[in-house]
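Presented sequentially are two complexes of chain A, the first with chain B as partner and the second with chain C.
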Partner chain A sequence: MIRFLGSRLLRAAVTIVMVVTFAFVVLRLSGDPAQIIMGADAPPEAVEAFRAAWGLDQPVWIQYFHYFGAILQGDLGRSMRDGRDAIVLVAERIPATLALTLPALAIKVGLGIPAGITAALHRNSFIDRAVMMLAVAGFTVPSFVLGLLLVLVFAVQLGWLPSGGQDSWRHAILPIITLGIGGAAVLARFTRSAMLEVLGQPYIRTASAKGVPWRAVVWGHALPNAAIPTVTIVGFMVGSLIAGAVVVESVFSWPGVGRLLVVAVANRDLAVVQCVLLLVAMTMVTSNLIVDLLYGLLDPRLRNQPRRAAGMA
Partner chain B sequence: MNALVSLRNLRVSFDGQAALRGIDLDVAPGEAVGLVGESGCGKSVTWLAALGLLPAKARVTGSATLQGQELLGAAPAVLDRVRGGRIAMIFQDPASSLNPVIRIGRQVEEALRLHRGMQGAAARAEAKRLFDQVGIPDAARRLDAWPHELSGGQNQRVMIAIALAGRPELLVADEPTTALDVTIQAQILTLLQDLRRETGMALVLISHDLGVVADSCDRVCVMYAGRIVEQAPVARLFEAPTHPYTNGLLGALPPLDGPRRRLAAIPGSVPEPWAMPKGCAFAPRCAERSPACDIAVPGAVPLAPGHQAACIRATAMGLLKETVAA
Partner chain C sequence: MLTRRFLLASPTLLAAPALAQSDQRPVMTIAVQKIANTNTLETLREQSNVGSRTWNSYAETLIDQSWTGDLSLRPGLAESWRRIDDRTLELTLRQGVLFHDGRTMTAEDVAFTFSAERMGWNLTVEQARNLFGSVPGQTQGRTPPPEALAVARRTFPGLERIEIVDARTIRFHNRVPDVTLEGRISRNVAMVLSRDAFEKAGSWLDWARRPVGTGPFRVVEFRPDHSLVLDAFDDYWGGRPPVRRLRFLEVPEVSSRINALLSGEADFACDIPPDQIATVERSPRHHVVGGPIMNHRLTVFDKNHPHLRDARIRRAFTHSIDRDAIVQALWGNRAPVPKGLQFEFYGPMYQADWSAPRFDPAEARRLLREAGYRGEPIPYRLLNGYYTNQVPTAQILVEGWRAVGLNVVIEMRENFPQVLSREGQRGVRDWSGSASFNDPVSSIVAAHGPQGQQWQINEWRNEEFGRLSEALETGTDPAERRRTFRRMLEIAEREDPAYTVLHQSVNLTAKRRDLGWAPGQSFQMDFRSRNFAS
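Coming up: the complex of A and B.
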């Protein structure tokens, strides 16, 4: 168990280093932040002074080592725009993003998984076809299209809900639904196929053959097995709690981490972009780690088994 | 005969393709019946149909009664009490027949809870006793093992323990040794015979191997293309096989004594369900085929007590006997 955890932690660390490095290189290659922040017609001396102030005049590899050393000391740099700590700028936005993504996650799980199970249990019936049609529609429509569609219907036509902003809880409803529906559709499809796969297994027939009532077969025998692949998708959704709302936040002018990222990229606000990416990488890596641990919990075949050798006969 | 289980004109079709074409079979209390035939001939389907274990798309007609109680179309609650409680079934591939995420002890205890109302420590003690009974060494510790930690033979013993948990009157063993090593096969078959002696339950042994059935059963039913083509007490079947298909199966068995001979294979293959001949389904592969074979499906003809065959040659023999008697 310790070795398992150790190797996973090491892999997680390597992933984060790679993300940080990649972000650093791409941002340095994609345009001169001094020129963009100071404006195209700024005097050359001013641009030079900006570069010197932010260390942009030094060779890229020295910048990289400085940057990396600072991260290890917990210093994620300051925004080139307003000089505040990048980490503070990002942290301020996290609650707003979670206010959308957490309820959306609840919708994805609460709607998607039961829908998938129901469809699988009524395979090829009207219910199954209806659920799958909605699911295909749900995940093929891009979130910005769905978002705009919802705005058109509920904000413009019906006037029930606001179309954007963050003034009250009512403002959160449409973005939450937009985020939730797509994810619920993905989960429904995935859960259905996982369930169908499991229901076709011989051990399900065994359970029925020993007199287990069908409901108990589904709950006690099929679901624990179908949960194993489904957990992967849910884990991925948990991992994207921070960065999963970039498009939707933009559509609904919701001041979360996603919109901060979009604005920071446009402005070449290097420290802020890097800080967001680091945060995203860390949530993703953490949720992957949790998924790996859950696998071990759900599937005894994946656990380290010192007993295994003794168990053979 | 006061049958425990009676199948009458049991028919199954999948998507309009007939898989079972009218099975009539009685199993007496405590009796051991073998069901042999090639894969796809309907041996397993017969019992899955009787217990309502086929997928919903299967169309099942006819009758399957357990001491007079009709099982086809019975309420789920009735079937749940019969399955495992009165008729238990074990399957070909023990490794995938056990739930991989549930400890084997709990899988036995579940059956004990369902059919004997046992819980907690009592259920665990009984599960341990069953493990001992089916020959799982170190039973107390093994209760907490997972299926993947056991060998195929051990898993089949666990399956048998689960089957015994409900004290069934009939155990249907569907190719219980096919997926196992030869040495383990013999152990499992011996175990089944011992358990039948100890418990007095009836046994239906489904196998494609006539040799396996001959050792363990009182009576054999030979199936071909969804029908029983011949049934007889074991000794009688080996002495006086009548249906050419039974002869073919016996010819494919290696003899234990006498000179070595080349094993005789049956030429051709089983007709596909959608291309079933109008007459005898075996006729296209039969060395003794006559034009009359293609006219209609031959019915089962009694030849001796407990021995009947569905072949027009048997019909002719029956007529001959009657004539002689007259």
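Coming up: the complex of A and C.
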């Protein structure tokens, strides 16, 4: 178990280093932040002064090591646009984003998994077709289209809910539903597939043949075995809690991490973009680590076969 | 525990909500695309169209401009003004004007507004010359960022000093003659601010996000990239504002802004493209107001491009634009085609017999043949929708150019710095030109003269035009200034084109039909009682 955990932690650390490096390189390839923030009108000496102030006049590899060294000391840099610490700017926005993504996650799990199970248990029935039709519609409609549609119906036509902003809990309802529906649809599809695969296994037939009640077969044998792909997807969803609402936040004018990221990318505010990406990577990696541990709990065989588990992830 | 002191105070505590409830004035929400490009409210830094929308609600200038009326200059924080000579202007300050911090506006506050402390006159020219945009967080204490001086110099190039004659009277002394000084004083850069509040601010950024002015509303909360809340300032000298609270809410998507309006979340939705008018007006409770403003959409040229170096090719560009088709197809004829880069409110300076280059594809082909142009690609750096209808306009332009043989290649860019970047080859690009007061100095000189952006980024220069710019700025003889302006138009629009006008800009605002509010002929929004029908 320690070896299993150790290898996962090592892999997580490597992933974070790769994400940090990738973000650093791509941001520097995508345009000169000095020119973008100072403006093209700025005289060359002013641009050079800006570069010197922010260390952008150093060779890229030196910048990288300074950046990496600062991260290890907990310094994620300052916003070039705002002057404040990037982590402060991001931290200010996290509660707003979690106010959307956590309830949306609850909808995804609470709606998607039961719907997938129900569809699988009623394979080829009207219920199955209806659930799958809704699921396909749910994950094929882009979130900005769904968001606008919900606004048109519930805000403009019916006047039940606000169309955007962040003034009260009511303002969160439509964005949460927008985020939740798409994820629930994905989970329903995966859960159904996993359940169908498991329900076709010999041990399910054996259990039924032995006279085990169908409810017990489903709860005791089918669900635990079908849980692994579902847990994997849920893990990804947990990993995207921090920055998983970029589009929805824009549509609903919700001042979360997603809006901050859009503005920071447009302005090449390097420290802020890097800080968001680092937090996203850490959330995703942590989530995947927990998922790996859950594999072991769900299927004891995997504790000694980490490679197989990883392959499934 | 209940104490006697608490019980004695309780009538006051109970009365407070009652007083608040007695205020029946509405709260109004304005859905805007962007509140401020720089995330500050200090006009020395926020020199944008979007920033124009809010500043006059929290601050004012000595001389006001009637954007909702005849565009004339009118008394603002100065009750009156008179010319001492062509370099000196004397203003009589309005009495009893209060800042939002409760202090009375004094001549010292006016002097502070134009001082080195605020405008950064003591910064070196090397630090600040022609700098657009920098990092407020980099400034030390309350030192303004370098572009403050650049903006201040551009707005007041000849200002020498402010003289406090007495408590009610101040004089602007210019180094050189300037017949446009009154107009310059009406610009947002000259908004009068509280010296005391500035000195109490912890940093320049703190100040720039919560400036203390004399406007009808005071800044309560500014959340960058999200919202700006302004509360009515009931001691406003111009009368109690009719709105209790203004909320500017940043809603980047057009459809979301319209939805916010239609659902009742917002009372106004700004930056509405013409093709959305019908959508808004299907609702009986809403309509779209607005029209042409003192701003023209332009196509500008980089003279350094190997082919655009030849003026004949630039002239071919100007003759292959069907301006009427653009206006008809994209603006429903709401946007007039102007007579060059000028506005009728220039009065005697307006050249009524001037016109934009005529649409003449045959002439364009002739010019290209004469210049020996053989279809070499010319880049067109384009933003995706910074200006309303920007991309459809670009598509019409490119097709028109293609029809005469110009091979213009669109290159999409994310922001203006990328459009203006000296990396790679610049060719043509989009721009707009505003007139902030009633003289061509405010437009053609400000944008294309030696201190203007095109000149400073080395996109277009013309020595004669440079000399004429200075002559127009310092000239005092009306007839001579008129001739100078005429010659500048000839150079910049015909002989050696720096730009070509496309159409006058149109600013459309969707709003509740029952609000008797009038739009202005600029991006500014006026929420004073005088701008609401009773």
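Basically, the second predicted complex is superposed on the first by the 304 of 313 C-alpha atoms of A that agree within 3 Å, B and C clash if a C-alpha of one lies under 4 Å from a C-alpha of the other, contacts with A are read in each partner's own complex, and residues count from 1 in each chain.
Criterion: a residue touches a chain if its C-beta (ideal position, glycine included) is under 8 Å from a C-beta of that chain, and two chains touch if they have at least 3 such contacts.
Remember, it's a predicted structure, so these values are computed and weren't measured experimentally.
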item	value
Per-residue contact with chain A, leading partner among chain C and chain B	C
Partner chain C, residues of chain A touching it in the complex	31-32, 35-43, 45-46, 49-50, 53, 78-84, 148, 151-152, 155-156, 159, 162-166, 250-253, 255, 259-260, 263, 266-267
Touch list for chain A against partner chain B, complex	201-203, 205-214, 220-221, 224-225, 228, 298-301, 305, 307-308, 311-313
Of all residues in chain B, those that touch chain A in their complex	48, 51, 53, 76-77, 80-85, 88-89, 91, 93, 96-102, 110-111, 114-115, 137, 142, 145-146, 148-151, 153-154, 159, 162-163, 165-166
List of chain C residues in touch with chain A within their complex	31, 39, 126-127, 129-138, 146, 205, 223-227, 249-253, 255-256, 259-260, 262-265, 414-423, 453, 456-457
